[in-house]
Amino acid sequence: MDTSFSPDELAFRDEVRAFIAENYPEDIKAKMEAGVELNKEETLRWHGILAKKGWVAPGWPEEWGGTDWTPGQKFLFDQACAEAGTPGVLPFGISMVAPVIYTFGSDEQKQQHLPPIYNGDLWWCQGYSEPGSGSDLASLKTKAVRDGDDYIVNGSKTWTTLAQHADWIFCLVKTDTNVKAQEGISFLLIDMKTPGITVRPIITMDGGHEVNEVFLEDVRVPVANRIGEENKGWTYAKFLLTHERTGIAGVARSKKGLARLKEIAKAEYIDGRPLFEDQDFSRKIAELEIDLTALEYTDLRVLSELRKGNHPGPESSILKIKGTEIQQRLTELTLEAVGTYAAPFYRGLDDRWNEFPVGPDYAVGSAPKYFNMRKTSIYGGSNEIQRNIIAKAVLGL
Amino acid sequence: MDFSFTEEQTLLRNTVERFVLDNYEFETRRQMTATEEGRNPANWAQLAELGILAAPFSEDHGGLGYGATETMVVMEELGKGLVVDPYFPSIVLGGGLLRHGGGAIADEVIPQVAMGEDILAFAYAEPKGRFNLADLETTAKADGGDYVINGHKAVVIGAPFATKLLVSTRTSGGVRDADGVTVFVVDAKADGVSIRSYPTVDGLRAGEVYFENVKVPANNIVGELDNGLPLIEQVADEAIAALSAEATGAMKVLTDATVEYSKTRVQFGQAIGKFQVLQHRMADMFMAHEQSTSMTYMVTMKLDEDAKTRGMAASAAKVQIGKAGREVGQSAVQIHGGMGMTDELNVGHYFKRLTMIDAQFGNVDYHLKRYATLSKS
Amino acid sequence: MDTSFSPDELAFRDEVRAFIAENYPEDIKAKMEAGVELNKEETLRWHGILAKKGWVAPGWPEEWGGTDWTPGQKFLFDQACAEAGTPGVLPFGISMVAPVIYTFGSDEQKQQHLPPIYNGDLWWCQGYSEPGSGSDLASLKTKAVRDGDDYIVNGSKTWTTLAQHADWIFCLVKTDTNVKAQEGISFLLIDMKTPGITVRPIITMDGGHEVNEVFLEDVRVPVANRIGEENKGWTYAKFLLTHERTGIAGVARSKKGLARLKEIAKAEYIDGRPLFEDQDFSRKIAELEIDLTALEYTDLRVLSELRKGNHPGPESSILKIKGTEIQQRLTELTLEAVGTYAAPFYRGLDDRWNEFPVGPDYAVGSAPKYFNMRKTSIYGGSNEIQRNIIAKAVLGL
Amino acid sequence: MDFSFTEEQTLLRNTVERFVLDNYEFETRRQMTATEEGRNPANWAQLAELGILAAPFSEDHGGLGYGATETMVVMEELGKGLVVDPYFPSIVLGGGLLRHGGGAIADEVIPQVAMGEDILAFAYAEPKGRFNLADLETTAKADGGDYVINGHKAVVIGAPFATKLLVSTRTSGGVRDADGVTVFVVDAKADGVSIRSYPTVDGLRAGEVYFENVKVPANNIVGELDNGLPLIEQVADEAIAALSAEATGAMKVLTDATVEYSKTRVQFGQAIGKFQVLQHRMADMFMAHEQSTSMTYMVTMKLDEDAKTRGMAASAAKVQIGKAGREVGQSAVQIHGGMGMTDELNVGHYFKRLTMIDAQFGNVDYHLKRYATLSKS
């Protein structure tokens, strides 16, 4: 047993840190520190910086730009990014559809899609959930009917994150309705500019526009845009869902959030003393930090298995459950720490966030962030589904 | 021993319920809170007309002479509708200070408040004071027969609507001393008063209120000079009782909505309300609401007792609704899934209101500590 | 809304207090205060004192000794008993089988059984649970086969509280195995001296002997000992289970326990100061006391409904759930408060409790009590069953 | 970075596992703990023979020179068997003090301990000291070249088995001062030492230890005069790591037993393990055990770091296993229903042990506070 890193790995970490120090744009950093969402240009700018350095898709095959890092290097890279508070790279292209394409796609599909995904030239979104199918994903209703070399797609998708910016969407569609739910599904790549696609914003309770409904009405999609075999889409979908489970714990980012919480607690006062010194609040911070330590070492144990070449099993549902519980708790404590100035709400924060009229900078967005993070126990397989998985697949119940 | 309501109280409840049904259909509310004004003044006129605004005031002041139970009934129904009219700041807080403070200023202002002509807001919180009601940097200095007020009050709920502000100031003693606190009535348009208005995350309107050499006559003191803290604490405890009732109303709506939703939403071939884990979670929501109702009754009945008993009751109720509101709100969102996250559905709005109620007049931690301290005193 | 009591009720409370002050035996009091279980003689002695006064069965019909008290008087009586820390009257006779007998029994059964139950001359136990049927009570297997004027009973019962002292047992038995579980059950009263009955002790993890297995082998029970109709026993059983739901919250006793906890916290030291003044421990006590207040007012609301003549519905499952959660938490905090001296364990505590060699008196039994109280969320319809009841019968799920 | 075990460590685990299988069948243990002696001395001899007792000591002292990871492995397996032999008091506590204290006394005593000839117990707790290791009323006064010890030590685990006692005393300074604490080795049969023995609720044996003018030579000081506290704290942190491993082993057994039971126990026509509420509760048990395993690894790997890092790691681990032990224990009993309450089934016994582990060397509250304090230091 040994959790230390090799000298090579440590040297690598120093390299990453130095790169970030030099290349992380000040304006993006300021927004991240104030907890304000980035706009499209900012998101892509950071993506581009990493792509140029060759670090935007470490997990990909080397021929398409992957880095062949050890699990330790991946861990240290994530850690260095989180320490510096850089934005995450959007997962829809890089870590969701791309692995499906390079694993199951045709050569043409790889050639066509992987480079623009790598460089951030095209923005992807995910067409999985539908109004009637949330946790029960396989019950989807969007239909694709063959017509010559095309499919005609009809239906609607929902909770489609950042579809308002998207150039492409990857979709699960029913290509056979006469078989069991899982068996008649295909996996299509669809150009968002195709006629018949409309995007309707869904405003969430935090006031943000992050998710959308996507309506597909007689949308013509070339059969060539299908991944793999017809009616085998569920296989690719499941592959995607279980892929890249490392990182779902979000340990490095929660550490950063915890450090920020402590700073806020030092700046806030209670009966004339810093909140940070209050016994009750100290206790809560300590409890959260200890929970996070437990999660970190569980994450490291999973990583250690990966290093040995084992795939993480359903046990890794624990990373999703505990990771999201901690993220939610963190935003809840941050809201509590901020106190009085959590209440003001300023619409259109995106553009005018730094002109916000009242309260300390760190208060901006603390309440919306708390509200927004309630989603984490719902999406990506709700925490109820994750516990079902543990009960069934791990405990055999 | 009896927990039932009088016929008059039931009538009052029905009146407020009707008001909510007529004016607070969810979409109507959403559009109203998105306007620049943030409310519909016609609603306020209607509340005045129905006598709701006059309820807690004495008949001498043009009121109906109702008590704490009636305020509870009104607040619970307002809570069910997520009402944004400034009943709480104007009638419970401002009105409460004037009722208990008494004197000529009360005789002068209350009738206007009861008719809805004057709207009050209570500027008590300060940027660094957190929940300590005596932690005041705002000062009022004697100047002949007048006082000159300077300071900055934070997140004053209802300030943008207010015609008159009640403001807690330090007239003597050091920051956080119990003695030396005085409450004044200040005209919202007085020279030196400025208000920066904004919406709050739960759909209300609030403002930063700045006092710059604001001159007010000594007649505008509410209650006693230098002895304002006990008055503020009494009103704060009454405010907690009112917030408990409001929260209880909100929890009722959330619990019912969640149960109904779970009966219709189908996943894996059955209504999600058939999943035992969700059933138990809803049973817990039900219990959280019931226990909150009990505590709301409890604190309401103890508001007239001595300061220690009253304070313990208020703190106990605030702890209960803080925890229950969190549990009910989070569960409602979780069980509604993605829909619970949207601005289009009422669930998120109730959740946000319950979240903010916890931070008003002291959160769970604050009141656990206060309860423990009072119980040993 | 008004939670005050009438002058008559308050005068009644004073009378109860005075009676207890005069008649509560010192030796029993001392054992109760040290948290030590009473033996049979002590239990019956207190029962006899109440019976002589006419207060042992307030809820019974007046002709059999009931008091016709108002719900408020019942509440105040329970409160006064709890304040004084008197033992509870054992429920098996007084509040379990007796209501079944006076509601559904024959005149002969009433004449035969009610007076000895009232006076504590005969000790009853309950034969409901079986090794295979716990939460699923109706799945019981003990069979009664008609043979002339008798039934021949075969089977076994378990978790039979204090069967080792019992003169009679009331039993659910299957009299028809060809119908749905609930439909073939009968309710029998059985003399424990009947040949074929053996009692085997079950020692629980706290070291106590409270529950037993009762084996019935060809036990002959006169048909005259059946309550009501054959195969209608489930009706009587359910009546019993829902009867006397007031009191299940245990508010008054928990208040007494809370007061005791505070005394212990004042006597224990942490870093040279009383534990009672420690902020963390204070907070836990405050939290528990607040939970108990909420339960108390919920209990009062149910009582207020009773006064209006309404029967408490399935809503009262909340009293069982919250009541037991509070009782368990109370013993848990008491264990924590006691600290170091919770560890010593002295077998045969019953007889030699006051010669216990080490630690303060209040430490004796704190750990066993905590262990023992885990039963409360299991028995009387487990808390899982209670939540099922709320979900189904109250929320309509 | 690697969490796997060496072949030697796996061999060690198998050895202890075998020992448990051979000697700790549940009924055997139950009868053994019910005897007057409370253990089977043959087990101790076997542990000595297998080299388990020698594991953490240096080869100079007749040991195997193993480290913290090996102690973790041993303790986890002992935890799975609810082993009552005094490995923890004699090897982890007593042995740990001597190893780190060093000097002639260590050279003299350790070889005997490693062979199982001497059994140690550490008398540190006092009736009023709760978890504060410096809160000492037991004194040792210099008297020529000797010291005279007076005092009363509470609930000394393993005292009835001990041939030698390690005792923490105050040699200077006031009660609770960090300086002035000294540890001595005292023969259990020395004049003036008396032990009142009793079983504990979790099946161990302990005793009240009274020192009445007990004379010991200065040579019997372990570590430094007046500077014993850092030594005690180091050993206490190591003890916490060992208890974490023991608790993790116990949680593993309870979780597995509960899952198995739920697959066979039928109610309402199906195995209770099919009820979703119980499934999720068992998923939580599983996670509690996994997180505890992670924390046990974490603290074990940090035992050699500086006092602050080590202390924070130990406190974090103790908080984790305190909470997880409570959750796993209570859930196991609840899901087993009545059977879980009985003395006949192993479930209650693991639950009791986990309960008592929380109170050893500081409970959850104590370590949350210690963690918060250390993290700010």
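General observations
Chains: A, B, C and D, in written order; residue numbering restarts at 1 for each.
To be clear about the criterion, contacts are C-beta pairs under 8 Å (C-beta built on N, C-alpha and C of every residue); 3 or more make two chains touch, one makes a residue touch a chain.
Note that this is a predicted model, so its numbers are computed, not measured.
Ranked by separation of Cα centres from chain D, the top chain is B. The pair with more inter-chain C-beta contacts, choosing from A-D and B-D, is A-D. Mean C-alpha position of chain A lies 43 Å from that of chain D. A straight line joining the Cα centres of chain B and chain D is 53 Å long. Work out the mean CA point of chain A and of chain B, and you get 38 Å between them. For chain C, residues that reach two or more other chains under the stated contact definition are 279-280, 283, 384, 387.
Multi-chain contact residues of chain D (touching two or more other chains) are listed as 275-277, 280, 368-369. Residues 275-277, 280 of chain D are the ones touching chain B in the complex. Residues 1-5, 69, 259, 262-263, 273-274, 276, 279-280, 282-284, 286-287, 290-295, 297-298, 300-301, 316, 319-320, 368-369, 371-372, 375-376 of chain B are the ones touching chain C in the complex. On the chain B side of its complex with chain A, the touching residues are 125, 127-132, 135, 154-155, 175-176, 196, 198-202, 206, 208, 266-269, 275, 277-278, 330, 333-334, 337-338, 340-344, 348-349, 351-352, 355-356, 359, 363, 365, 368-369. Here chain A touches chain C in the complex through residues 279-280, 283, going by the rule given at the top. Taken in their complex, chain A has these residues touching chain B: 129, 132-136, 139, 158-159, 202-205, 207, 211, 268-272, 275, 280-281, 335-336, 339-347, 357-359, 367-368, 370-372, 374-375, 377-379, 382, 384, 387.
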